Amino acid sequence: MERESLDVDVLIVGGGPAGLAAAIRIAQLQSERGGEPLSIAVLEKAREPGAHILSGAVLDPSSLGELLPDFVERGAPLAAEVRRDSVYFLTSRRRLRFPVTPPPLRNHGHYIVSLSRLVRWLTGQAEAAGVDVFAGFAGAELLFDGNRVVGVRTGDRGVGRHGEHKPAFEPGVDVRAPVTLLCDGVRGNLTKQLLARLPLEGRLPQVYALGFKELWDLPAGRVGAGTVVHTLGYPLRPEEFGGGFIYALPDNRIALGLVVGLDYRDPHFDPHAAFQRLKQHPMVAGLIEGGQLVKYGAKALPEGGWYTIPTPYADGVLIAGDAGGFLNSLRLKGIHLAIKTGMLAGETAFEAVRAGDASAGRLAAYRQRLDESTVRRELYPVRNVHQAFASGLATGLAYAGVALLTRGWWFRDPWPGEAGHERLVKRADYYGSDPPPEDASANAVKPDRLTTFDRLTNVHYSGTRHEEDQPSHLIVHDTDICRTRCIREYGNPCTRYCPAQVYEMVDDGQGGKRLQINASNCVHCRTCDIMDPYQIVDWVPPEGGGGPQYEGM
Amino acid sequence: MILVVAEQRDGAINKASLEAVVAAQQVGDAVKAVLLGGDLEPAAAELARARVEAVLTVSDPALAAYTADGHVIALEQVIAAESPELVILPHTYQTRDFAPALATRLGRPIVTDCVGLGRQGSTVTFTRPMFQGKVLADVVIEADPPWLATVQVGAFKAEALEQGSSPVPIVPVKVEIADGAIRQRPEAPFREARQAVDLTRADRIVAVGRGIKGEEHLEIARGLASALGAELAASRPICDNGWLPMDRQIGSSGQTVAPKLYVALGISGAIQHVVGMKGAKVIVAVNKDPEAPIFEISDYGIVGDLFDVVPAIIKELSA
Amino acid sequence: MQIAVCIKQVVTREAQLRIDKGHAWIRDQDASYEMNEPDAYALEEALGLRERHGGDVVACSAGPARVGQLLREALARGADRAIHVEGDELGRADALTVAGALAGPLRSAGVDLVLTGLQSDDQGFGQVGVILAELLGLPYATIIMDVEVSDGSVRVKRELENGWFQWVTLPLPALLTIQSGINQLRYATLKGIMAAKKKEIRKVAPPARPETRQRITGLRVPERAKQTHFLEGTPAAAAQELVRRLREDARVLTED
């Protein structure tokens, strides 16, 4: 079968807030300034817009208001206005409320939203403006002409698990465009390809966190819609970065979650178990008792801040949203930055296409726009915060306080940072002579299947579905390392950090263990690609359409 | 009066038709059965032993081979003559082929695939599964009688058929079938080797999980399946390993089944598997772990090593 | 050949179903929808027949506004045009109502063949196709595994119970209900999706609801009233007790 080819004016990879904001912005400029109508194509790997995206989330509506000033009239799905904001420090049994909510965590004027619903709605807005959104198409490979990005090749469809072509086989399509916007999210696979090929990396390596989220339906009257709670402390130790959140939605539904830094030291630490422990804390347990789990999901977040952001352009290409690391980890907000950077990338792309020049020189205007915008004004002052937390909770909080006053100035600028997976300590070094068994979790919890669950049950609640008969999309380049080195050195941490039980070490029938990959459980969080201590795991998109079903998330 | 449309092939009544009579007997006292075809004597005689008022036989050359049109034309006339309150049919492939057309010709809705019938005074409530068995719906028909319904095969127990004290009258009925009225021209049915096993039609299933430990141990499960007259199936990991083909997989990414008997060997009961089999009538689980979730949904549980328990069961079955 | 395919939009199979407050339907806010699987095979069969015999494929569906998305998908896979009988309640109406809604536009469409899936994955009535045939006055056959078109007639392979099959010949125009697995589903291509935007979706108002209908009075998730009997003792003792119970209490060891 011949490979199809499609030419468009602007190609956007990723139908999330960044990609859709870019598309809408271009369509708006097109409409304002007239001229030859531009074909704008968005590739989205989920079968349906919004299916693969999730976030807490509390939305700062400023950039949405810039993009679509009448977003309320247009029916933007804003679940609840934030009414009450509080921060607690938790110990294993108790909670201590912060007397004052720290300014970055103040959410007055913000909205609790379902990002998945918001993206569904934004997709409708984009399509109404004439944008082509192709759902179920994953961007598999960047197309280059020399070092210029000329488009994207989508993934093949109809390939069997041993690589054979099934009757419905179709090769991926080459979508070519003068300018491609990479909005493929945290640790985006195409952005990763670009950064591997061109010298665009930021000053510091990117650092990530893994966010878990569940939606719960509760008995009536437990908590009022619009309540926002953030927690620090338990179940995380001072050496572990992160915190919990509870956002109250209408109709007695809550979003409940835990964000865990993917730079922890203990190789036997189990982030999923930590999330279960959060739910066992009296404050949370009392809240969800008698409730019903509706949905589960997990995804990584880019937390490194300003210095980890790569050069967001090159010949023929721009990077926006989480793919570029545009997230404010102090405010715990990235959606408004995704929208804003998407808009700025869109404006830059529009001009480049109209000028017939999408070279790096022309696209550098994007960086200038970023520097002159709220993006820099917001992210630059907190540029060292996340790196400060790497020295511990107390240091991080102290620095964050100082940074607010000094607008980020510090003696060491940038505060040095390293990649999260490099901070993982070997078992022998962390535990000395008496490490736990290789397959043990340091913080294991026995699930009660009422409020706490095992991973497999959770995956069921993520609605994840993949075509079963396809090759594994988790590419582990040398599985011998898993069973000979990693098992001793780190105890196969992938079996603990994957929120979906994709990785298991099973008996190989010869007295040892081998890696088993349950690819179809994958919720596309990217943690394995990020955290593998040997960096031999590549997450690539599975056959288009497959993945979680994050309705309402 | 409740009219049951029974089905026969080559002189034998199928079990599903007897189940339909049972369903009728549960909601009414006056039941009649009707048979259509060519030579109906042996089948009619079998039905006549049940506790019904009469067995109507509609014998006509045009009905010798089943056609949708033939059945609709004939039954429309029978129903007009008999004026039943309720018409019950077994939800077989044949019934599905003509019953909705019959109902439409009578200007009525038909409630298909019922697993329960209930009478409250002059109303009948029909209970049927929806969303692939995940939900049960109670339905009423908003129309004057006759009400039409089909009953799910296996939902009613043929063993519960009330027998009559003596055979009831077999009444031949004449119908008018105009020349050319039957538009279908059927050929003789034939059997074909099935390409893939269809677990959804198995009455009994023996399923294996991780507890079986190795491909070489599948024999023990096959032995039990054979002794029970059951199909062999598996949970996900077994098929992922290639020990059994994917069409034997039960669960959210495989088949959903509701057999009479489901024996789960060495299966923990992860929700992905359970959603595929919890509709089974009787569930037996054998597992070493007393806290395995499978026991929560089982009728009978044996906590033990399946390598000891299964041979013991096979031995007991052949005794 | 003019071929019409009736397709239904149903909640995805993975959906966690919860009953709504009125106990008359499921909670479907946020629900994800997909094309009913047997209907997808019916559509594919129609496209295959068009490839072999030439002609035109029109995709039809009855339901609320969201059904437009489903019809776009059918157009993207290759249908030439679509008909949307739009009505809020049609997504959960009974088979007689739905068939009545589809019959209207199909009556005047001059089709040679109407294909539907054998039943829907949500309500599972398995009736719409046959009722539609009756309303349109078409000969029909159900649960079809193979279709051979000749001049003025069609010969089709019906699936029967237990591995039995039967070929039946019908004059055209006719209606067939299609069994899953009859063919290989094709993907909707990028070009197909783009072309779909230019294809016609004709909106039609539904007729008045029929006087006679079915009504759901209650909906519930079946709970197993489960009392697990643990059989104790040695393997031999437990096995003996189990077989006795299966034979005498549960009565699942009897032959068909």
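Couple of notes before you dig in:
Letters are used for the chains, namely A, B and C, taken in the order the chains are written, and counting of residues starts over at 1 for each.
Keep this in mind: a contact is a pair of C-beta atoms (placed from the backbone, for glycine too) under 8 Å apart; a residue touches a chain by one contact, two chains touch by 3 or more.
Not measured: the values here are computed from a predicted model.
Chain C has the C-alpha centroid lying closest to the overall centroid of all protein C-alpha atoms shown. Across A-B and B-C, it is B-C that has more C-beta pairs touching. Inter-chain centre distance (chain A to chain C, centres taken as mean C-alpha positions): 37 Å.
The mean-CA centres of chain A and chain B are about 48 angstrom from one another, to the nearest whole unit. Chain B and chain C have CA centres that are 20 Å apart. Within chain B, residues 252 each touch two or more of the remaining chains. Residue positions of chain A touching 2 or more other chains: 465.
In chain C, the positions touching at least two other chains are 13-14.
Those residues of chain A that touch chain B in the complex are listed here as 449, 456-457, 459-460, 465, 468-469, 509, 516, 518, 520.
Put simply, chain B touches chain A in their complex at residues 214, 240, 246, 252-253, 270-272, 275, 293.
Contact residues of chain C toward chain A in the complex are 12-16, 29-32, 34, 184-191, 193-194, 197. On chain A, the positions that touch chain C within their shared complex are 4, 6, 47-48, 51, 117, 132, 134, 136-137, 154, 157-158, 166-168, 170, 173, 175, 294-295, 461, 463-465, 549, 551-552. By the touch criterion stated above, chain C contacts chain B in their complex at residues 11, 13-14, 17, 19, 26, 94-96, 99, 118, 121-127, 130-131, 133-135, 139-143, 158-171, 210-222, 224, 226-231, 235-236, 238-240, 242-243, 245-246, 250-256.
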